[in-house]
């Protein structure tokens, strides 16, 4: 269509997206699908770090920020696990392999995998779709296993059917060396012989030692109770990281809507340490 | 310093417009705003403040970023071309120019907004000194000298002439062209005297303005939680209609929204001014983190007076132009907020 | 004004009301703001004068959700809006104690400024119940006087009258300020050629900055969620793309309040760009009167609105083309 | 986008037709082999009163040159009273558009029953001719939709 090269003589603005092609779709749970995205000519759209996000858009529908769930150690593609919960996600869920979308990013900061987390024992706590951003870190850690200590993963969901990435959890994470995976579901269910109970309670039951750095992601209410539990167990807020979610538009700290206190969640976040969150006004 | 007699102003505008686009205050249906000069346009240099500040010459209220064209499953993205033609922004006031400094902090920070940056690069600002400031003005509080604005070119409108002083390289270049065209002539001793007189008069009036002594003491990053949690907000916001007047007339408000428009042949992605006063500003699929108007009202002032300076070496995101003071349908404004907090402080002091 | 404060204090003291909705004095003598007073002490800042143009009836939607009665001061024209809100079940009559306050015409700062008065330090003559013939302004550039009548809001020149349509008690004296025909402006435009009309409205509407002040102040625009705030409809956006404001927003907004608009004139009062928005509403009011008979929204709380009723013999839409 | 040959103006017409009468009328016109211009795009609505004034403005915004609303004859509405309300709304809307300086005649309401295939066809032919004489809709279009 457009053959002109009128725009090739200057750097493209960060607000101009790239076209991405959907190369694989996995139905994770009844309402979560994982989309694999490549550049139309093959390869990855961009490089990112674990915890970073990207703006995914279906032109004419809407655009929203999603965390990149694949690890940067994956050199072939990027993945997004997306829960069906609104206008844009409805359309995304109806898409097929070969369909094109637009993506811009990566945006935001990342979990400090190369700095603070290095050499640490790690405890990942996730609830539901909250596994998406942590999965990127977990796979990054597993691919650079020698840089980190023990790895514990606590992951809970409403039911066994709502556990995201179950195949990978069972086939990769559970078999990895020095990795303990603890799964739980909210209510008893036929065919489930694992743990039953809410994530915060399970974390307490597991009686983790406090020599770990914790990464949490899940529904706000879960984060709240998990944090309270951790503090009770003797963890300090400096040991705990999470990601915040707010309405975002530009992704580069300019459009103003994700501004809380003197931070812009899209640029200064989404990853925050809990002692940093404490300094923010209570508006998230 | 150069000058041009008032009668020749149309010729000056014509000459500028022949070389590049010229924006200046134009009166349409009774209201003055910056607009593109044409022979028919009613130029209005008398009105002290345009309704909207000059910011939309650099950050338009609505601008297309790119167009998406679809061909079956394939998507083509056609970015909008950047500003590549010079333009002159004539008649901005000291506060408007200062407002651009604030916007620069946002749009020129990494990653640079190339659309804005291109306009800044190609824009030549001819700022006009104020005479007869309004009681709603308080630019001096933010360090603006409205009697001598700093811009590419500063101009003074006296009773007989427009005096012209280039202050930057860009300004020098424009001045040289216009002088070569025989439009600008050397100002006389009398003109200089006249300008100095004007400046002195304006500065004397500024000293008498009621908001001149507004104190910003206590508005800094350290006071974040104290100000945020103050019960005063609950009282202050009551009359707020949740309209966007204050944000749209403000020279420093820069929040924007990004939207799609289906033209029938493609999808235009454009950005447009948004307002933190609007209920849908922070609305997303899983909820809204600012559900009450009090929170939204508080956000605007906290951002201008606390968050922004905390991130930008103490620079406030207010330039004291007083547009919100004049335009708010409920007569709420930043001055009332600052005063209310100051009064609270005094009361507390008195009680102790 | 003291009478109002004293009466408000009495009503607070005897427990009739738990809060007062009124106007709070600004810092300049001409910029009062709508405010809620929770106790007698706060009433020291209460003000009621010629600058209190704000119609408080819409604030009663929120006040109706609060515990206890709210004392609200309504000017004669505001009571029409309040009635209309009762009719639409948006306010709770039982939660309101209405003092109908006298009105001698409210002032427009825009008009005052357009008459060359600027840098005002203080003003006299704007007393609510004893308005002077002439307003006197002390300004930084000397004293200026302006006839009160010339400084009035447009709506006061076509005042609907001194009668309050609903109240619990009345306080203060009103004045007849009507000196123009309500439809004169509309008729003047109707008399123009289509090209002139088009040019006129384009010029006015192209000034719109889509701040939504007209919508948010309008007592008839009381939808919980405005159609123009939806995300489904791609024209329903806050963008100022000019053609949208000119060709959609204001026409639809006027249509949505047609038959319910009491002509309170708040839209024109608040517009930062001075767009005469009442010209749309009044056109609908005029058409309704021509086609379906006299109707004043807000004159009562139970009549059927003109767009929610019909007769078998209503005029056909083709009348518009036929009358030329 | 392409080099435009001096093409003849072909008006784009949107016709909102009520499901019960006018749409059936259009159907009858079709099955009776009565012709009406192909430039008329029919949008079926449950009742003429389903048509919100915004539909009409939106059609113009997106490039329509004329909009016509067809419903059951007054008194014959499938829902008894729908078209009475539609009649009042359209009268006011059309009057407003006229007031704003939009050419009279770009909008029209016509009552067409299920049996009036002929009326449907003649109405549409007339309307298209009228819009043809008025020319392209410039005053209500959105500049962004011009290609």
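Residue numbering begins at 1 within each chain, and the chains themselves are lettered A, B, C and D in the order written.
We adopt the following convention: a contact is a pair of C-beta atoms (placed from the backbone, for glycine too) under 8 Å apart; a residue touches a chain by one contact, two chains touch by 3 or more.
Quick caveat: nothing in here was measured; it's all calculated off a predicted structure.
The interface with the greater count of contacting C-beta pairs, when B-D is set against A-B, is A-B. Most remote chain with respect to chain C, judged by CA-atom centres, is A. Comparing per-chain C-alpha centres with the mean over every protein C-alpha atom, the closest match is chain B.
One finds 46 Å separating the Cα centroids of chain B and chain D. Between chain A and chain D, the centres computed from C-alpha atoms are 51 Å apart. Computed from the mean C-alpha positions, the centre of chain A lies at a distance of 39 Å from the centre of chain B. Computed from the mean C-alpha positions, the centre of chain C lies at a distance of 36 Å from the centre of chain D.
Among the residues of chain C, those in touch with two or more other chains are 234-235, 241. Touching of two or more other chains is recorded for residues 60, 62 of chain A. Among all residues of chain D, those that touch two or more other chains are 144. Residues 28-31, 33, 48, 51-52, 61-62, 132-135, 205, 208-210, 238-239, 241-245, 247-249, 257, 259-262, 270, 272-275, 278-280, 325-327, 329-332, 335-336, 339 of chain B touch chain C in their complex. By the touch criterion given at the top, residues 261, 263-265, 268 of chain B touch chain D in their complex.
Taken in their complex, chain A has these residues touching chain B: 1-2, 6-7, 10-19, 40, 59-64, 85-86, 89, 98-102, 245-247, 249-250, 252-262, 281, 283-284. Listed in rising order, the residues of chain B touching chain A in the complex are 65-66, 68-71, 73-79, 81-82, 106-107, 109, 111, 113-115, 221, 224-225, 228-229, 254-258, 260, 262, 267, 269, 271, 274, 276, 281-286, 288-290, 295, 299, 302-303, 306-308, 310-311.
Only residues 24, 26-28, 31-36, 54, 109, 114, 118-121, 139-141, 203-204, 206-207, 209-213, 215-217, 229, 234-235, 237-241, 269-270, 272-275 of chain C touch chain B when the two sit together in their complex.
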